[in-house]
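Shared chain: subunit A. Partners: subunit B in the first complex, subunit C in the second.
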Partner chain A sequence: MDTFLQQVMNGVVIGSTYAVVAVGFSLVFTVLRVVNFAHPDIFMLGMFAGLWSALHVSDNLIFVLVAGAVGAGLSGVVLERVVIRPLQGRDMLITLLATLGVSIILQNGMAIVAGPDPVPYPAIIPQTFIPLGPVSLTVRQLVNFVACAVLLMAASYYVRGTKYGRATRAVAELPEVAAAFGVDVSLISLVTVVLASMMAGVAGVSVGLLYGSAWAFVGLLYGLKALIILLVAGNRYFEGVVLVAIVLGVIEALITGYVSSGMRDVVTFLLLIGVLCFRPNGIFGSYKT
Partner chain B sequence: MLTFGFWEPVIILAAINVILICGLYIIALSGAYSMATAAFAGVGGYISAVLTANLDWPFVPALAAAGLGGAVLGCIVAIVTLRMKDFVLKITTLAVGEALSIAAFNIKYIGGANGFSGIPLYTTMTAVLLVAAASIFIAWRVDKSGLGLGARAIRDDLVAAASTGVSLRAVRVVTFGIGSALISIGGALSAHYVLIISPSQLGFLYSLNYIVFLLAGGVQTLWGPVLTTILLSGIPELLRFANEYRLIAYGLIIVAVVMWRPNGLITRSRKPV
Partner chain C sequence: MSLLLKVSDLSVAYGSVPAVIDASLEMNPGEIRVILGANGAGKSTIIKTLLGLVRARTGRIEFDGKHDLTRLKPHQIHRLGIAWVPEGRKLWGSLTVLENLRMGGFIETDNGKIEKGIAEMFERFPRLKERRDQLAGSLSGGEQQMVAIARALMSKPRLLLMDEPSIGLAPIVVRDIFELVRTINHDGISVLMVEQNARQALTLAHWAYLLETGQIVEAGPASEIATKERVQEVFLGGAA
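The block that comes next holds the complex of A and B.
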């Protein structure tokens, strides 16, 4: 029972990072109608931005997290202006291919700069255990979970509670009508990509700290997961994406703990195929394209 | 026997890619851009490998069995995805491919994670070129036939096509069947040339290569994708001297083609399809 609770706990921590990446991914998908395969690589860029600022500037935790956000946010600006904006309105497969090309360039470019193998991350946070009844949590896991929870709450507040958030939801619904009511669609698209990238950047730094390493190809692990979470949940509800992400993290942790890590991805894809067959718009509904 | 020395492997692999792209072209005629090409090819490779290496079948029947297996798989995917909308269909084929890759990873009989090795070498230059020529001919015939016309009508406007009597079910099942059979035969030829097949080759990143070949060439003509397949299969070999930068160049080519030739390299002169 203790093992079970411990695995659930680990799953929730991992699931929360999936949630941050997947929410950014589905935000861009919903507002811009772009399957942004470069999103997980922007997560990777944030991870390395944090790594370099920790090594060369300061290893203050907040500073490193902010550095990750800034690095990822700037790459988001470039991505949106150079690749996504010129391709707006084209078939979804076209933008998917373009962002995939960007993803290949970023991964292999970073592999040349930082080497193709994982790079050790400075141990800013101590690896101490906090006992919590029958289970225990490391400080790193706690920091990772808190960072992700704060990001998700901030994103929820932005989308639901601010003027820009309302404009964002309007663009997601009907871009032409939103433009007719005076919404600057181009600006909203840029802000959406940048915010999603910044969230991913912070999550990247916190995942780097959690595992103690940064890797040029880490995006490969997160890209398909983000896509699967989006497809299983559907993009109507923000909370649906978060819920599916956390459930996926827990399922993965339980299968890894009780069966084998090889079976982990089998279950994930069976889940996806099942959902696409019986709920072709996701469990919680709607991917309008 | 034809011999081309250093160029022989390059030509053989390019010809195998041409076989696969002909299959994908037939499937994509009705707008079903399958993202499981490498997985279908891998299934053909595994079938033929098991039949020849484990059950001592001769090459040609094993190749035919691979084609048949691919056709059955293609028809099943066509029926499952029949009522799905464009985007969901693409993603479902992606998930099917990835699931096949993971399944191969977990089946001990076909080597599991280590892959299937010890496949006999049967594929020759002549065989590959013959099959490639046949595939181009088949794709060309399908393209020009009533079936091809119906499939294009479905791609352009499903409702209008249905109202003039084109059956979505018939078109999808037949094009998926023929296309997947070609893809699986190509995969079997590749397995008998490379002599090893591993589960990761069935994955989504390999399948996307063929989507790149297809869209870079343009879906309006058969010759576009065939041409880009030959070019893009050869370029990585020419860039061997710059190994680390090879994939970056590949990424740049994808972005450049998508940005500047959004309908592909070769397009028809009037009305975009």
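The block that comes next holds the complex of A and C.
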């Protein structure tokens, strides 16, 4: 039972990271109608931005997280203006291919700069364990979880409770009508990509601190998962994406704990296929695109 | 008194398919003008071109004697005081009635004015107040039309562009909607309406245009247009 609870908890921590990446990915998909394959690599850029800030500027935790957000955010601006925006209105497949190309460039570019293998992350957060009854949590896991939870709550508040968030939802559903009521759709698109990128950047730093390493190809782990989570949850409800992400994290942790880590991805894909057979629009439904 | 709207030789095409050919029309402030036409005549295209959602091939659209709308983006055009009641309502179904109204007031930055505007809309449309927190997609056709009109009024526009407000609605509801338009017009808002429902539209409007396959074939006071043979035959069911 203890192993079970421990694995569930580990799964929730890792799932919260999946949730942040998936929500950002889903937001860009829903609002811009673009599959941004480079999103997990913006996560990676944030991870490295944090790393370099920690090594060369300051190893204060908040500073490093912010550096990750800024680095990723700027990357998002460049991506949106240079790649996504010029291709707006074309077939979704075209932007998918373009962002896939960017993803490959970013991964390999970073591998040239930092090496193809994981690079150590400064140990800003101690490795201490916090015993919680039958399970124990490391301080790093706690920081990761709190950071991701804060990001998700901020994103939810933005989308549901602010004027621009409401305008974003309007653009997602009927962009022409939104434009006719004074919404600068181009600006909303840019803001959405930047916010999604900043979220991914903070999550990237947080994961770097959690595992103590940064890796040029870390996007490969998150990219496909973000897409799977989006397909399984549907893009209609924010909360659905978060729930599926956390469940995915828990399932992975349980499979790794009880079966073997090799089986982990098999289960993930079987889950995806199973859900799509019965609910092609995702469990919680999707906007019509 | 300068013209509110002056459209000169407007031509619009979708790819190589012409939708509007050399259309010219005008509006004075305070008028209700209607563009009649069958399906596919190009009515919605004119509205969308006025809104900047579709680009004109040739021609000029002058608003208030100073702005050329063919050079502006939709969000800029809205800021000039032009609001849209789209064909088929096009409410944001995933937003509540209240949120749809708030979006109508998007360009207003003063929160106090927005709240006041919403209160006014709820006073004018008490049924909507009851349904304020319901998702807009769950309302009936007539209620949705009310929301669409309220949403457009939120920005206190000078010109309201209405695209087939009667479509899909029961006759009794259509009558109420048209009465509403009359009231709105009395409040000083000019209305350019595009309609297939000629009978009711012609009793409402001051001036009418008849659009046939993209070209304006008749123009004149509404009462006069109502007596024209082609209008009689196509829309009004034969000789009066």
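Following the convention adopted for this analysis, the second predicted complex is superposed on the first by the 288 of 289 C-alpha atoms of A that agree within 3 Å, B and C clash if a C-alpha of one lies under 4 Å from a C-alpha of the other, contacts with A are read in each partner's own complex, and residues count from 1 in each chain.
In the analysis below, a residue touches a chain if its C-beta (ideal position, glycine included) is under 8 Å from a C-beta of that chain, and two chains touch if they have at least 3 such contacts.
Just so you know, these numbers come straight off a predicted model, no measurement behind them.
Placing subunit B and subunit C on a common subunit A by superposition gives a fit, with no clash between them. By the document's definition of touching, neither partner reaches A:I62: not subunit B, not subunit C. In the superposed pair of complexes, A:V102 makes contact with subunit B only, with no contact to subunit C. In the superposition on chain A, no contact is made by A:V113 with either subunit B or subunit C. Put simply, if you stand at the Cα centre of subunit A and look at the Cα centres of subunit B and subunit C, the angle between them is 90 degrees to the nearest 10. When the two structures are aligned on the shared chain, A:V266 is found in touch with subunit B, with no touch to subunit C. Shared-chain residue A:A170: touches subunit C; no touch with subunit B.
Judged by the touch definition given at the top, the superposed model places A:F181 against subunit C, while subunit B stays out of reach. Counting the residues of subunit A touched by each of subunit B and subunit C gives the higher count for B.
Superposition on chain A leaves subunit B and subunit C with their closest Cα atoms 10 Å from each other. Residues 287 of subunit A touch subunit B in one complex and subunit C in the other. Those residues of subunit A lying in contact with subunit C across their complex are 163, 166-167, 169-170, 173-174, 176-185, 236, 287.
If you check the complex, the residues on subunit B that touch subunit A are 33, 80, 83-88, 90-92, 95-96, 98-99, 102-103, 105-106, 113, 204, 208, 211-212, 215, 244-245, 247-248, 250-255, 258-259, 262.
Against subunit B, the residues of subunit A that register as touching in their complex are 83, 86-87, 90, 92-94, 97-98, 100-105, 107-109, 111-112, 224, 227-228, 231, 262-263, 265-266, 269-270, 272-273, 276-277, 280-281, 287, 289. Interface residues of subunit C, counted against subunit A in their complex, comprise 51-53, 73-75, 77-79, 83-84, 86, 90, 92-95, 99, 102-104, 106-107, 151, 155.
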